[in-house]
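Each chain carries a letter (A, B and C) given by its place in the written order, and its residues are counted from 1.
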Amino acid sequence: MLLQLLANGLVNGCMIALMALGYALIYNTTRIFHVAHGAAYTAAAYLCYLLLIVFKWPLLLAVVGGVAAAALLGVTMELAVYAPLYRRGASDLISLISSLGLYVALVNLIALLFGNETKVLRPGVEKTCRLLGVILTRIQVAEVVVAAVLLPLLVLFLKRTLWGKIIRGVRDNPVLAEVLGIDLMAVRIAVFAAGSALAGMAACLTALDVGMDPQVGMPVLLTAAVALIVGGVGTFEGPVIGGFLLGLIQSLIVWKISAQWTDVITFGVLIVFLVFRPEGIASRRRRLEESAA
Amino acid sequence: MNVMNERPALNSPIQPEDFPERSPLLRVENVHAGYGKKEVLQGVTLSLAPGEIVAVIGANGAGKSTLLKVVAGLIKPAAGRVIFRGEDITNLPTYRRARGGIAYLIQGGAVFPSLSVGDHLELGRAAARRGGRVSCGVLPFPALEDRASSAAGLFSGGQRQALASATILSTEPALLLADEPSAGLAPAAAAELLATLAAASRERGLPVLWVEQRVADVLPLADRAVLLRSGLVAAETSSPGDWLDGETLAHLTFGRGA
Amino acid sequence: MNYLWHILVMISIYAILAASLNLVTGYSGLLSLCHAAFYGIGAYVTTLLMMRAGFGFLPAMALGAALTALISLAIAIPSLRLRGDYFVLATLGFQVIIFGVLYNWVSLTQGPYGIPGIPIPVILGIPVDTVFRYALLSGALAVACLVMIRAVARSPFGRLLRAVRDDEIAAAALGKNVPRIKITVFALGAAFAAVPGALFAGYMRFIDPTSFTLAEAIFILSIVVIGGAGSLAGPVLGAAFMVLLPEALRFLQMPDAVAANMRQIIYGLLLVVLMRFRPQGFLGKYGFE
């Protein structure tokens, strides 16, 4: 029972961590509270549904399509909405309100096109695998494998490569980065593409596992944002750690209390962290004058 | 042809004869610029010849940093032009100017707090599209010794200033805009940093537009000096040493005195 | 005719909601996404006090407002010390938590089944039992709330709010206790939001958690933004616009299922377009800068 619980928490944590890392890429670099990231998630799930069920594409291609759709949508949002605001020097509040508007408009467009009801991508009983006394469906195994490959690679990439340093540099001090010759707009487009693709990946896998409705994006986005704060804003390993922690806590809630209290307790965790450790688990040491900001 | 991409190699200092009609390296023409509705620069004209160090002095709020920001491209002038190597760069974005060799040392020692010294140098060269690497060992900044791998966020103010200067120099710029590189340093360290920058400039033939509050330290190092007062060039001299006597300076700066 | 009075009731409810959020967001620059939670707490507390403790409508409403303000402290005190983004996320979280509690604490709120049979408000011995009378009641309460909010905005405290909004560091440097100012205005906004909650409960005579979702919180925020943050008339105009918009769509004979989504698409896009070209909204004085 405990092992099964851990396994479910792991699967859940993998998806939260993917979403949280994608969100962190965008948030850390642009400082935009990108709520519409949740809409990119939803759009990916629905495109996957469209390709798989309506157009009868093979599974793998449908997932690729969903991921590409999310990336495209993310970049479009940056080019059409955020970049003009950034050039104007608009405040963070303005980007946030725009993002809320984008989220509402996109999600309702999806609901208009596909209907409000829950959709299942894999009707029937999924084949399961048994491993060390734990039962997982094949999709769940795929979720773990994808996360196990992508997460360490990405975190290492961001830590070690020049690209990762550029992204961290832009996050630390965008003006200095630009003055040194970095094309901020190109970096922003890149992080929107990569971050949204990660959301798309999490969305397609989760949709294959448990289905979706037009409203799925928001709770997933919020959980990712909580994972980012719990793990440590400004880092890239933080959201991954936070994601797994939340995954475990959530499956513990499902087991011990009731699935209905998941959201309440997730945000309870957030409030606890805001009170006692607002810098998160993994955040680096800072000088005082920085943390005051 | 786009001059910005065709830069002479670093070790062949730019010669005046590279430029037809002996045009200056940088020319700022009648620039008006400011923040929002507030106009700070009200028609500044100035030029800088290859290899020349020009000191820009003036009271707090005179518009010195604003002038450098206009040249670096962080502020678009409301009127006037900026010409670099004979090309009008008034509308060129900041990062393209940086890749073309205009380096801006921001006031206050800006660094990337989560990156190490090595990362700064790597990032600086890559961003400015310079190949190869610079090792920290060769940089003339004693403040950075032994700190090569720690995150800049934990540095002291002086170490940050040194790192900011080192990062800029490592990008092998064609023009340096230095905004009070010595601010916040202990007097000895400040004098040392100024001497290091001046030596680096002389060695490489690197022209510098140099904003400095430590007038007595910078004037002897400069070829020319410009005095900004309320957004205008109030005075200019090709023998900056003449301004060193305190009375002249007070007169020039505040419009009073003898 | 009843249709017109119904519209008036709805505009009153949303005008108070928007005006109270405007106090927090427009005058103080705090973007809060949990106003629907305060609205819901007001509705539930008023209902429960009326049905279980035999309170009259107005006393129940007043107590509801006080309790809502108290509950708002639980979110304001930990999150207002932190940077703006944390505060937004904390309010989002609070909204989700309150919805979860309303939905899952079945013994108190009857959860998803909702509470039916809420008694008709009786004011000064007169039962408010027609739509016309309800329009009078809600109109009167709306005017009262708006007058009070205007008084706050024009008081020295209101000036302090704008000072904190426009330059927090300067205000702190002048010795103002910035966190306390923010917490106070947040609680004040929460108390005012409880009033339309009570009005809504007494009008519908049935409440369930689905009226107090995050989507509703975003809706209230967009009324403020569209009408114009930081102005006195903006929230009223915004409320009228947003309440009339679906009616206009109905007039265009759009099927109801489509109209619901369509309305949201329109206001979502409106937010995006306004932020790009006119961040201060139709009538606003504050452009979120």
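Assume a contact is a pair of C-beta atoms (placed from the backbone, for glycine too) under 8 Å apart; a residue touches a chain by one contact, two chains touch by 3 or more.
In this text the structure is predicted, and so the values were computed from the model without any measurement.
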Touching both chain A and chain C (chains): none
Chain nearest the overall Cα centroid: A
Longest centre-to-centre distance from chain C, chain (CA-based): B
Cα-centroid distance, chain A relative to chain C, in whole angstrom: 30
Approximate Å spacing (C-alpha centroids) for the pair chain B, chain C: 53
Interchain centroid distance [CA atoms averaged], chain A/chain B, Å: 42
Residue ranges of chain C touching chain A (in the complex, touch as defined): 29, 31, 75, 78-79, 82-86, 88-90, 92-94, 96-97, 99-101, 103-104, 214-215, 218, 221-222, 225, 258, 261-262, 264-265, 267-272, 275-276, 279, 287-289
Chain A residues touching chain B - in the complex, by the definition given at the top: 162, 165-166, 168-169, 171-173, 175-184, 234, 284-287, 290
For the chain B and chain A complex, residues of the former touching the latter: 72, 74, 93-95, 98-99, 103-104, 106, 110-115, 119, 122-124, 126-129, 151, 153-154, 167, 171
Footprint of chain C on chain A - complex, ascending: 31, 33, 81, 84-85, 90-98, 100-109, 111-112, 218-219, 222, 225-226, 229, 258, 260-261, 263-264, 266-268, 270-271, 274-275, 278, 293
